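Here the chain labels run A, B, C, D, E and F in written order, and each chain numbers its own residues starting at 1.
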Amino acid sequence: MAEGDRLTHIDASGAANMVDVAEKADTSRTATAIGSVSMKPETLAMILSGNAKKGDVLATARIAGIMAAKRTHELIPLCHPLALSKVTVEIDPDETLPGLRVKATTKVTGKTGVEMEALTAASVACLTIYDMAKAVDRFMVLSGIQVVEKSGGQSGDWKAPDWNGAA
Amino acid sequence: MAEGDRLTHIDASGAANMVDVAEKADTSRTATAIGSVSMKPETLAMILSGNAKKGDVLATARIAGIMAAKRTHELIPLCHPLALSKVTVEIDPDETLPGLRVKATTKVTGKTGVEMEALTAASVACLTIYDMAKAVDRFMVLSGIQVVEKSGGQSGDWKAPDWNGAA
Amino acid sequence: MAEGDRLTHIDASGAANMVDVAEKADTSRTATAIGSVSMKPETLAMILSGNAKKGDVLATARIAGIMAAKRTHELIPLCHPLALSKVTVEIDPDETLPGLRVKATTKVTGKTGVEMEALTAASVACLTIYDMAKAVDRFMVLSGIQVVEKSGGQSGDWKAPDWNGAA
Amino acid sequence: MAEGDRLTHIDASGAANMVDVAEKADTSRTATAIGSVSMKPETLAMILSGNAKKGDVLATARIAGIMAAKRTHELIPLCHPLALSKVTVEIDPDETLPGLRVKATTKVTGKTGVEMEALTAASVACLTIYDMAKAVDRFMVLSGIQVVEKSGGQSGDWKAPDWNGAA
Amino acid sequence: MAEGDRLTHIDASGAANMVDVAEKADTSRTATAIGSVSMKPETLAMILSGNAKKGDVLATARIAGIMAAKRTHELIPLCHPLALSKVTVEIDPDETLPGLRVKATTKVTGKTGVEMEALTAASVACLTIYDMAKAVDRFMVLSGIQVVEKSGGQSGDWKAPDWNGAA
Amino acid sequence: MAEGDRLTHIDASGAANMVDVAEKADTSRTATAIGSVSMKPETLAMILSGNAKKGDVLATARIAGIMAAKRTHELIPLCHPLALSKVTVEIDPDETLPGLRVKATTKVTGKTGVEMEALTAASVACLTIYDMAKAVDRFMVLSGIQVVEKSGGQSGDWKAPDWNGAA
């Protein structure tokens, strides 16, 4: 589990550029990112059982996250385009938050990691939840958006210390 | 400062649809959203003065946030396309975090609010910072992504209670 | 109910160009388009009650149609970009087909009609249904994709003769 | 020629997700889809010899179809991004329809089939024809959009029973 | 005909941001940009009469230019999204170059000028010509890409001194 | 160093189509393109040391060029989508022009060359410079946009005769 000691997107002259990954091996890589949207308990109740079918709110956010993962390289300037082989987004309620927890997993057989794709999927799923509930709750907050697990690639497999696999 | 009591993107049958805003007035609307990326103190130091020109890392994240604001309606399924008249993104270091704080402001003369555009700009700027520093710090976390100020539109002007205008 | 007598996107020299709509009035315009996907009865049964939650298949197709409507001007070369104020997509089963019927409605206050947006939403919703069921039925057919109702603009309001409002 | 017995984009819990294709083999795959736009005989005559150069109307539709094929994964939520190696679109008049018939062929060396790309190309070419002729004929209908031939992949080669290769 | 004395996209602190145009008037604005692709005489001959139908090469470039104009705000970071009301692209051979000359005209009723849209249309039409002929001529050069005429907006109408309206 | 004798995107019937590259070998390919923006000496001075931080103007143009390279296949109708492994954009002042010179380098391991990606990056970087300085100088001109070096692929390595590697 080795981290580097320099910002890889910045070249010797200090300019931001898209680094060369041509010499890296094509290996199977996965990443999992999480995030959450905290809200008022009544907002969560409305999403889960109120005047909306639970399915549609969460399905919309899940689809938005999946579609955003495929556009990561259009949004993040120095990300490489990738032929993602899998994207899943899960959304679960957490009444202790209270709010919704999002978990996104991405996979590729390629030369670069897929953590930005997982983070983008999680972020856009959270943003979509915010959009769908903002008329009833303007103080929702997105937080804890982070990578919790990664496999493949030269930095090896790793998992966030306190990550137990739940969303 | 009135909030509604229903999820506006969900119609009577429970299906998610893009609501009709044709009858809303064209008024001047602004929104400000914030967010932060927390990181190890040495990561922040490297971004600010290490082997990168500060300008390029922050300029890349700022440009990414601005460009993402313009694509909000492509990412968030039920957002209306908007002719944004202004987008600004500011990024400032906060050594107590430690990390970087992002503030995005958006403006439109139109029929719907621009908080999703501000949130999208802030989120993508944070994701870009993550991307540029991930080789040296895999445990960065994005948090506190929220709307802090809004003006125009039928819900009137409001500001988050503890928001003092700083990024 | 007047139709023109020339192909408006083709100029005097015969070249395809995006016509000038600057002098047209900003009026409220709507359009409704329909389409259907016919399939084997067991495919329809599987979508409606089989090993999938009905909600998710139809929600995915509905969201895809709504998002595609917003990108019509990127797909159809000579369409003008529009600030759509509303897009709805409804999908209903029809066991006599057997299959699913899609109805898309679009609205704008602007200088050009929104029938291409409605047609694009209906087409992409149908394509998404095909994608989700193609592993079990390779002979599905998309048909009857057409505009059935239009209001606003200089050609006035009209409705297809045999259109009763059902999807 | 085996078809599956479940909707592959729907996981065990019923949620729509982008399935994992990482373990599938990289093989050469092709697909051909067709579709048609029926119209009044005088609309067809105008497109073919009237006040438009035939070349430009059909060239515009063909280019639109090719460009749309490359964006299939942006439009259809659960499609994988693909490095298409070939896309062709042919458009031929059929006076018995009367109207235009579109045939799109796509090819990839990859892990998933390209029928959605062929269908998207055919659909968008049809939509573009509609757009270019709608000022003179509002009752055009798109129909018969279907996959007629496929090769490569684990389901093997197949052809629609009544497909003879004509557009 | 007044030019400003500062770089408008750069704010007081030196950061690049998308400037506020909300207070500018909605006026009718047009811009015309030109550009050319110089090539070997035999390349030009092949495009005009060789083994290609002239219509298709030029139609493809023209369509590409028109579609690119609509995406200017996605490509140029600080451009505002605009509801273009017209885009035309003309391409004419010039045997004295030898090569092809492109002229693009854009129009909007809005708060900002459309010169970037005209320049983007002209540039992408030139790039498309290059793409279609590069197999036979690798030394083609794009040059003279500039704005030659502009009307509307606070800087008033102007025309490049030596511009006579030809492509 | 062999050039072909036909326009490869045009098929036997004269129609523009996206050619089949499936049988071409996956080899490492690079391309370098250049271009320049000429401007008044005082415009150059303002960009380099005036009321803008040099970093931000050039960083914005560099990021825009890199992002555009990744979208080449969306802009140029018959370009294949590519998994670019590297994109760099360098911008240097040339007081003899006077103006800025842009050099873009692209790399892929794939079946087709990357010269269109390099040309698109260079063009969009030039357009972005124009956009950022247009308020102070409306007579800037983009010129000399061309490929100067290419390696890999069946046409072998080549370099423009008078190209010495400088931007």
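One rule holds in what follows: a contact is a pair of C-beta atoms (placed from the backbone, for glycine too) under 8 Å apart; a residue touches a chain by one contact, two chains touch by 3 or more.
In this text, all values refer to a predicted model and were calculated from it rather than measured experimentally.
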Among all the other chains, which ones are in touch with both subunit E and subunit F? B, D
Equivalent interface positions on subunit A and subunit D, same or different at half: different
Which chain's centre, taken as the mean of its Cα atoms, is farthest from the centre of subunit A? E
Could you tell me which pair, A-F or A-C, is linked by more C-beta pairs in contact? A-F
Report, in whole Å, the distance between the mean C-alpha point of subunit D and the mean C-alpha point of subunit F. 32
Where the CA atoms of subunit B average out and where those of subunit D average out, how many Å apart are those spots? 38
Centroid of subunit A to centroid of subunit B, CA atoms only: how many Å? 16
Touching at least 2 other chains, the residues of subunit E are 15-16, 53, 56, 59-60, 63-64, 67, 71, 74, 77-78, 81-83
Can you identify all of the chain pairs that touch? A-B, A-C, A-D, A-F, B-C, B-E, B-F, C-D, C-E, D-E, D-F, E-F
Interface with subunit F, subunit E side, in the complex: residues 3-10, 14-16, 35, 46-47, 50-53, 56-57, 59-60, 63-64, 67-68, 71, 74-79, 115-116, 119-120, 123-124, 126-128, 130-147, 150, 155, 158, 160
Subunit D-facing residues of subunit A, complex: 28, 59, 62-63, 66-67, 70-71, 81-90, 107-109
Under the touch definition given earlier, write down the residues of subunit F that touch subunit D in their complex. 11, 15-22, 73-74, 77-78, 80-83, 110-111
Quick one: which bits of subunit A touch subunit C in the complex? Just the residue numbers, please. 53, 55-56, 59-60, 63-64, 67
